[in-house]
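In the two complexes that follow, subunit A is the common piece, with subunit B as its partner first and subunit C second.
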Partner chain A sequence: MKRHLPETELARDERFRRNKVEDQIFDPRNLAMATRDLGPAQMSVDRPSVSERSRSLMHGIFVGEIQALEGAGRTCFDFDDADAPFALKLDMARQCWDESRHVEISCKLADHMGTDIGEYGESTFLYAAACNTDPVMRLCGVNRALEGLAIDVFSSMKAFGETTEDPILTFCEDWMLADEVTHVKMGSDWMRRLTENDLDRRERALEFQRTVDKVFSLGGFRGESEENPIQITRKFRELAGFSQAECDEIAALAQQAMDDARSMVAAAAAAS
Partner chain B sequence: MANARGAITVKPDPFHLIMFDAGVIRDLVEEIAGSLGVPTATNIQLTVDEEIPMPIVATMADVVDGGYDLWCTGACFEARNKSRAFSEAHARAEITGMILRANDRVSGGFENAPADSELLPGERIAWDCYTMGRVASLGHKVHIQKRLYDFRLQHGFTDAADAAFDRLWNTSATAFEAISEVCVETGAASRPKPKLRADLIRAGKRK
Partner chain C sequence: MTIITVSSYVDCIPEGSLSTARAPFAPWDRRTLPGLFDVEESARRIGNYRWTEMRLFEALGGWVATVPELDVKMVLGRHCYHHAWHAELWTKRLPELREMNVDRMTKPANDEMVAFMNAISEPEAPDQTIEKLVGVYRVLIPRTIAAYTYHLHATSPITDSPTQRSLKHALQDEFEGYCDGEMLLQSLIDTPEKVARAMKRQTELDQIITAAGGITGPGSIGTQPETEEGTV
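Moving on, here comes the complex of A and B:
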């Protein structure tokens, strides 16, 4: 079996369909959508098309869980013990167990919400962040950035379940959220241990994390205002080993991503 | 274009942002209107908001001066797994639903129902349940669990709501008064009135 599997070689059955990133970026509706008033961004029963939006997000979570499983699994296999200690691989194996369970829970939640595997396309950019050849970068990109995003997503979904009085969604998201806190904590702990004698490497890894965090803030998808569907969850991030300053930095990156997106829309509107 | 079924208009024509063919959609509307017994003189206008992608699905079906005024987001006809592509199966089901609801307004027990922009979320979703149950019985592929989840979001995750859903889904004829009764029964009628207009997306306001 080869090491460092590219995202193009991920195994999927015929139910899955891959979204092309370029199709999303160059969708001619993006500009119109960015300027349309489509109601509040946060998930609530008052939000237009709330059910389809939550189903679509649930499907995105489901494929994200598959890719998180694949990423953690690859980290168990891709590195020699000299680069990634055996104890780290044990943690990644435990994470695989968690992610497998999350995939199953997500499937059942998808059933509950009325969607099927493959109903929506799959983007594999989460797995792409797990392809870094440096295990420390991978831990920062995946465990600290993307699993951190998962904390925010699950927390927001749990809040949605509570406001809609959906006991199944609330319960499932709460359980998965607890696991994500552990995954982020593992990333934080291992990142610090592996770089304790190489602060340059730590800074490069944190810079990679900042890049991933900004990209995955998706131009306003995540933030701390009412305009962001997914809310940054400071309480759980702190439980996962983030300092207050690091939470502030993620919030600032998310705000910057939203500001950048607005500037691009304004520039595109002016040019059209 | 005028024809034996009255004027059927699809807007926009042509589509610019998505890979839809107005002629294909118009033919579908004509075929479905015929199969559902829409009076031959009835004018039908269907406006598809091509700016709105998945997952923002929304439809409206009103009757204005005797004509059917149908509106939906492009997402309603969009293939779920291929951006901007047309799905005939989705289009058939959604057009059937819109025409059934417009028929309801003309002579199906919903003559006194408020316009779609005035309906409360609980009323709208209950009417949709009744509608999509009929769409399914006509042989279209309708995801019942999807509709149940939509219903529960507005009527509650309770046994009473599920029983009301089953009743509406399986009936072949009801009236707006029965929809209102369901809203009282499940508690949806007691929920705070939404702060947003039901036709927010259709209004097309810019930020």
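Moving on, here comes the complex of A and C:
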């Protein structure tokens, strides 16, 4: 088996359909969507599309968990002990087990919410961040950025479960949230340990994380206002080793991503 | 300060009260000394275990992305951690056996064992799930169970009790892992052609590990009958 498996070679059964994340972001229908005034973007029970949106999000969580499982597994295999010490690989193996459970949980939750494997497409952006050949970049891109996003997503889904009085959804999201905090903390701890004597490498890794954080704020998907379906969860991020300043930075990146998306929509509208 | 001697302690027991003196070993405690392994031999074997468990969990982690079957993917993810945790058990045990440099003792039993683990982890294509699982669950795990069981029975339950405890924890995972893997294989092998594929793969790998003598080399599960002489 070769080291460093590209995302194009991820193995899936015939139910899965692959999407490109750029196709989603630059979907021309987004222009029409953006110009409609739909009120607050958070998942709210009084919105007619809420069940569809929550099912779609749950399917997204499900495929994201599969990729997180695959990414953690590859980090166990792709590096020599010199590049990734045994203790780091042990943590990644532990993450494999956790993500396996998350796949099981989200698969059952998807069924509970009325969707099925393959009903929505899969974009493999999470695994793509796990393809970096530097383990520190992987830790920043996956554990700190995307698992951090998972904290925000699970918190929002847990809140949705509470609002809709769905004890199964609330219960499951709460458990997965606990694991995600652990994974983000692993990323924070290892990033600091591995770059203790190489601050340039640390800065490059943090820059990579900023890029991932901005891209996967998805033009307003995540933020701190009513306009963002997914809310940044500062409390759990701080538990996971983020400083207040780092939380502020993520909020600013998310705001910037939303502003950029609006500018693009405005430019597209002016051109049409 | 008053120093209490044995005689003065005994004198402290009030006259007429029942003695609490008991034999140091209960009648049902049949543990004996010595065991078959000295400190060096136990450490050597544990170094081989650690090397094997590390190569195994790395391969299982690497394979997760290469198998299309969702149930297999999840089982591999779970077992990846189990074997990493076994490696961690051995990481902690080695320094207790006078080997402070864990990496120095973490090595394969011989070159054949290296060839075996390379062969185990070689399949990559998404249509090779059977080959991947046969190598682990029909060849390596049974050999690991055998070597761990031999160690458990052969080493002294008094002097090497910490190793025995870790072996029992690891064996519990190995048994459950074996069942998981074998059941996955039975569900995947559903045609005569697949039976032949599985058998071919098993034969190839069995030949290599037979040449290695097992995961700790020749004598992995003992080589000759032991005597009872000299036990205490």
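Throughout what follows, the second predicted complex is superposed on the first by the 266 of 272 C-alpha atoms of A that agree within 3 Å, B and C clash if a C-alpha of one lies under 4 Å from a C-alpha of the other, contacts with A are read in each partner's own complex, and residues count from 1 in each chain.
Methods note: a residue touches a chain if its C-beta (ideal position, glycine included) is under 8 Å from a C-beta of that chain, and two chains touch if they have at least 3 such contacts.
Values in this document were obtained by computation on a predicted structure and should not be read as measured data.
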| item | value |
| --- | --- |
| Fit or clash between subunit C and subunit B when superposed on subunit A | fit |
| Contacts of A:2 with subunit B and subunit C, given as first, second, both or neither | second |
| Touched partner set for A:74, first subunit B, second subunit C, both or neither | second |
| Which superposed partner A:66 touches (first subunit B, second subunit C, both, neither) | second |
| Partner chain(s) touched by A:55 [first = subunit B, second = subunit C, both, neither] | first |
| First (subunit B), second (subunit C), both or neither touched by A:11 | second |
| From subunit A, separation angle of subunit B and subunit C (C-alpha centres, steps of 10 degrees) | 120 |
| Subunit B versus subunit C as contact partner of A:120, first or second or both or neither | first |
| Three-chain overlay, closest Cα atoms of subunit B and subunit C, distance in Å | 18 |
| Touching both subunit B and subunit C, residues of subunit A | none |
| Subunit B-touching residues of subunit A, taken from the complex the two chains share | 17, 19, 23-24, 27-29, 32-33, 35-40, 45-53, 55-56, 111-116, 118-121, 164-168 |
| Partner subunit A, residues of subunit C touching it in the complex | 54, 57-70, 73-78, 80-85, 87-88, 91, 103, 121-124, 126 |
| In the complex, subunit A residues that touch subunit C | 1-3, 5, 9-13, 66, 69-78, 81, 86, 89-90, 92-94, 96-97, 99-101, 103-104, 107, 117, 127 |
| Residues on subunit B engaged by subunit A in the complex (per definition of touch) | 16-18, 50-58, 73-75, 80-84, 121, 143-150, 152-154, 156-157, 194-196, 200-201, 203-207 |
